[in-house]
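Next up, some structures in structure tokens.
In the two complexes below, chain A is the common chain; its partner is chain B in one and chain C in the other.
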Partner chain A sequence: MASQAKRQWPYWEIALVVAIFGAGAWSSTLSPYYLSIDQLFGSTRAFIIPGLLALGLAIVVSLGEIDISLASIVAVGTVALAKFSAAGAPLALAAPVVVLIGALCGTLNGLLVAKWRLPSLAVTLGAMGAYRGLAFIVGSEVGYTDFGDSYSWLGSEYLLGGVVPASLVLFAIAAIAVWFLMHRTVYGRRCFSIGLNRDAAWFAGVDVVSQKVIAYALAGAFAGLAAIVWIGQYGSARGDNADGSILFVVTAVVLGGVDINGGRGTISGVVLALFLLGTIRNGMGLANIGGPTQTVVLGGLLVAGVLRPVAVSAAARLTHPAKLKAAGAQGDDIGGQ
Partner chain B sequence: MSGAPSLAQRAPSRNLVQFALRLREAGVVAFLVLLGLTFGLMNERFLTIQNLTIVASSAAILAIAACAQAVVLITRNLDVSVGSMMGLVAYLTADWAANHPAITPLEVALIALAIGAALGGVNGLLVAYGKAPALVATLGTMSLYRGFTYIYAHGQEVTSSRVPRWMLTSVDARIAGVPALVIVAIVVVAAVAWFLYAFPLGRRIYAVGSNPLAAWFFGLRAERVTLFAYMLCGVLSGVAGLLYAARVGTVTVVLASGWELSSLAAAVIGGVSVSGGSGTVVGAALGAVVLATIDNGLVLLHVAEFWRMFIQGAAIVAAVAVDALIAEAIRRAAGGRTGR
Partner chain C sequence: MKSKLFAAVGAAALIVGLMAAPSFAQQKTSGFKLMMTPKWTGFPYFELTGEGAKAAAKELGDTLVYAGADHADVSLQVETLQNFVTQKPDGIILAAIDLNAVAPVLKDARKKGIVVGTYDADAAVPARDLFVNQLSYDQAARVMLDAALIDAPEGGEIAFIAASPTSPNHVAHMKIMTALTQSEDKYKVFKVVDTQYAGDDDAKSYDVAVNLMQAHPNLKVIISSSAVSAPAAARAIEATGHVGKVWATGFALPSAIKRYLENGSEKAFAFWDPYELGYVAAYAVHMKLAHKFEPTEGAVLDVPKAGKFTTFKDGEVVYGKPLIFTKDTVGKYNF
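Right, the complex of A and B next:
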């Protein structure tokens, strides 16, 4: 099973790269401005926030769990930043505290899921409402827009001669860090081993509970980081910030080839999927394709993404009919979570 | 000799499981009574017939949607496209009725049910035969169905003046003082509950969800059962969407967006396990009543709207925690025989 999967992954990432270039080529035919450096780098800003959330979610999903409360944690972070800004606190104090608040929200999810073994989908569904409510309670309905320059620097500044957004640099650093964590450290290997077979990992001496709590805490911390970027991009903190963006995040993680049941996936795949989704969105925006059609295209991509394993095994069945039959009966689980 | 003790051991554990499940629904009812009394003490307007009727009618449609979600949850799957299915069915049906003024109620209902079954069928095919994880597949169709609604609508909406008059009046009708909407909801939930309880196919839905491997060894075709559960979910979402359309009159493209989460919340609060195999649609409907009661009570107490979100979220977490405690107690009492 594992070796079969291993052989598939590079193909998927190559397919994503080809799709990105295809989408880019298509976009360049739509608008003469598409292929300008400013436009290309500027357009990446649209997916920095979901991108940071996707990096955190990928860690959680590799364990076979899920966290749909991340967008709500972003809102908690933005209203917390608003409070700090109103109190006149410097960003050097506010930023670490907000990341910590995010990590705390994540840790609470993680404890509920790992320590008390509650189903992660239901728990984070509840947490999604609770954190969103908390953001409204703290921030009230009225948006706060009175941020100082230092607060909006990360999300609005361009580096290297005003071309590369500072948030893109942040995202690149975060992506490399998560890639290193998941593919080059013991922690990452253990995450995948828990996702593949929780009980086997436990018998092998892996501390499943703390692994999961750390994963949730990291995802929450990334949401806190995304909140800081949010302030720079939109300049406004309100309880409904980032509402509904979790769907895009889950789409990116799944399209990136991370198995939603855990155990398999790569961070490079997630990053490529983000670029693909960003390119398609950007291109459709240039082509004046409306939001609804974009939604249909994203939904179609997601469905195509999940049908990939079936297509692969169907193709394999045509070439080796006997070998797959035994494996197919075992892999017959219909578990969703 | 070895068979006898194990049988003896198993019998009480099964009773215990049934007892605990009954306890779970009784728990929801007890919570509901407690909630009602609290709100009643804090505001005298809460426990009036008039207000309770309002609570019941606002819970009615959510109860059907929660019932739809519950059927799929019991098979150990999930459907986050419930809200989008409701929206698409509502729009297509209302639009069809608006363009064919002479249409009969039966035809409208049949159209809504057929579209619902088709949409649910697509979900079912993806999950059961496409082997796609339920969350991801229905997340995809959630965007697809909502997107189709937007594209079909072309930025328009079906105004209440265009839909047939009877559609709007029938949901507001009262039979012996009880809103028709509530009666429809009770009939639908009771019918589905009876179906799941008394019919072989209904029992198979539980079997597939509670132990897929055992169901497979038993010879059940899990794919067919799952496909059927999704189609039933689609049909029920269609009913809920149609009722919603009739209730609000003017059908917009965003109708029922976010209901996938409310339906899930209601089902989970009502004791339907997201790990499949346990819970009832009656529980899910009760969960919808709990949510409607919280909503109504907080409005009467002039609590800001966002506290509602916080309390709802906390209630979901509390409900799953209670379920886990019950499951743990069953496991312990059964000597580790049940559970995973």
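Right, the complex of A and C next:
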């Protein structure tokens, strides 16, 4: 069965690619400014920070858990960077420490969820407030803006003739790394197995607790990385940084085809979903379409993402009732692309 | 850096090629393309500033696009501004959510020759050409204390509700109000006893107001610079049976506090005319584009329909027309 599942067409990813081109074509009719290389590459910068968070969140969701505190961890990271910058520390020291701080915040979430088996939504809801409060305390009353060029390089520099944002290259590397981790290593395979059936994975000898803690630590580390990009992009470290961006991140993960209950999903789907959401928002933004309309469209896509597994299984039941029975509960895209 | 420069030159050459003559036509005096974004769209206050700006643009022969996200999120505001810059407008008008976070994209816009004007909430000074300030901090502090004097002429304990410790205008207002209650005879009847933060959130403001009344039994007036918190405090006073003992005041839209003024549970609130503020902001950016106004210290912006406004340090044009609403005057305003 597994080999058959592997050879299956990645229908959802193909649908997303078609939708991206459709949205691009639509955008180019909405605004004459849409189709230009500078514009297209430049607009991706708006999605790097939620994109990095989505990569981390995808690992957590594959386990059947959630982490909604990631945006708050970004704020902890930005105010920590402000402290380093104020103290005159070089970025070479500050960057790894901030990624580590993010990983520590994530580890704490992971321990609470995995070791003491608390519900992840409740744990990370609390952590969301706690980390946000911490960021406000560390960041004090006024924001910090006095960052040197080295601190802002990653989030503001353009490479390859001044066209490709450095942060986009970083995101591409991160996406490939997470794809490899989730689809080409034992760690990734075990994540999906825990998400499908936690107890079965445990009986098979999988160390469920450390798997989960590592996933949360990785998600936190990506939030730390996102904090470095934030500083370059916005040059402002305040306690309220990245507040309210988690909904977009969850939308990207779910629309990307990662089952919110865990066990299924692909990293390529998440990346494609980010590009789709980005293309739609870029096009509507250039056409100056109002905020409420944009929110309705994005909300509609989130619902589409959640309904997808239901629709797929309903369609399968209608067309191949017998085959589905034989396949049983086996996931259709485990270990896919 | 070098490659960036080449790209910039290339882009400039491309723009020249595409746009040919029009953008370089000398001494253009109207027909400017203006783009405006508030902190967030959908809130009546900002919608009115947008309508005012549109009216000014129409009278001056310009076009004005008003757009933005439906909640206050700085990354979305930067995205909106980026989209504006891509559309090559002549002028951008905005109310900044985070004065520093919008700076990089606005500096980029200014480098491309776009005139940037802020209103309501300023951006970092080097990132914009001018700031149309609704009221100077001092004016705002005084008008709120004057409204408090209407509520409680005998004075007493006062408490503040602000949005957050990072909200620059709220913090400045509270500092000046506290100083005035210690230095000026007129305001010495008041004593500041507490400061709380409610993040411009209606429900939180309500809870904070209830807590303040419990914590300070002799509290007389709750003052807030937030147009969300002040009406919420009035609601809390009415709901907890403190009418006549505690008063709420500060900045609030007349429509939000009309019923409290009319049923006598509150006496006075303050604000300014958002429609006219938006009108003046668009007017100022237009005049700067037409080379008829330079926002240097002491320069006067003459807006025939609204008045003459003086420019202070760092291109701050003070609109400065506070309004106090009471039971008798609140009916005159439709916002």
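The rule we apply is simple: the second predicted complex is superposed on the first by the 304 of 337 C-alpha atoms of A that agree within 3 Å, B and C clash if a C-alpha of one lies under 4 Å from a C-alpha of the other, contacts with A are read in each partner's own complex, and residues count from 1 in each chain.
The rule is simple: a residue touches a chain if its C-beta (ideal position, glycine included) is under 8 Å from a C-beta of that chain, and two chains touch if they have at least 3 such contacts.
Just so it is clear, the structure is predicted and the values come from calculations on it, not from any experiment.
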| item | value |
| --- | --- |
| Superposed partners chain B and chain C on chain A - clash or fit | clash |
| First, second, both or neither for A:Pro292, with chain B first and chain C second | both |
| First, second, both or neither for A:Gly129, with chain B first and chain C second | first |
| First (chain B), second (chain C), both or neither touched by A:Ile49 | second |
| Partner contacting more residues of chain A (chain B vs chain C) | B |
| Touching partner for A:Tyr158 - first (chain B), second (chain C), both, neither | second |
| Which superposed partner A:Arg281 touches (first chain B, second chain C, both, neither) | second |
| Shared chain A surface residues [contacts with chain B and with chain C] | 136, 141, 239, 290-292, 294-295 |
| Residues of chain A defined as touching chain C within the complex | 31, 33, 38-39, 42-43, 45-46, 49, 136, 139, 141-143, 145, 156, 158, 161-163, 233-236, 238-245, 281-282, 285-286, 288-292, 294-295 |
| List of chain C residues in touch with chain A within their complex | 3-4, 6-8, 11, 35, 40-42, 65, 67-71, 73-76, 78-80, 82-83, 86-88, 98, 100-101, 103-104, 124, 164-166, 171 |
| For the chain B and chain A complex, residues of the former touching the latter | 75-78, 126-128, 130-137, 139-151, 208, 212-213, 216, 222-223, 226, 261, 264-265, 268, 273-276, 304-317, 319-321, 324 |
| Residues of chain A touching chain B in the complex | 66, 112, 116-119, 121-123, 125-137, 141, 239, 247, 250-251, 254, 260-261, 290-296, 298-303, 305-307, 309-310, 331-337 |
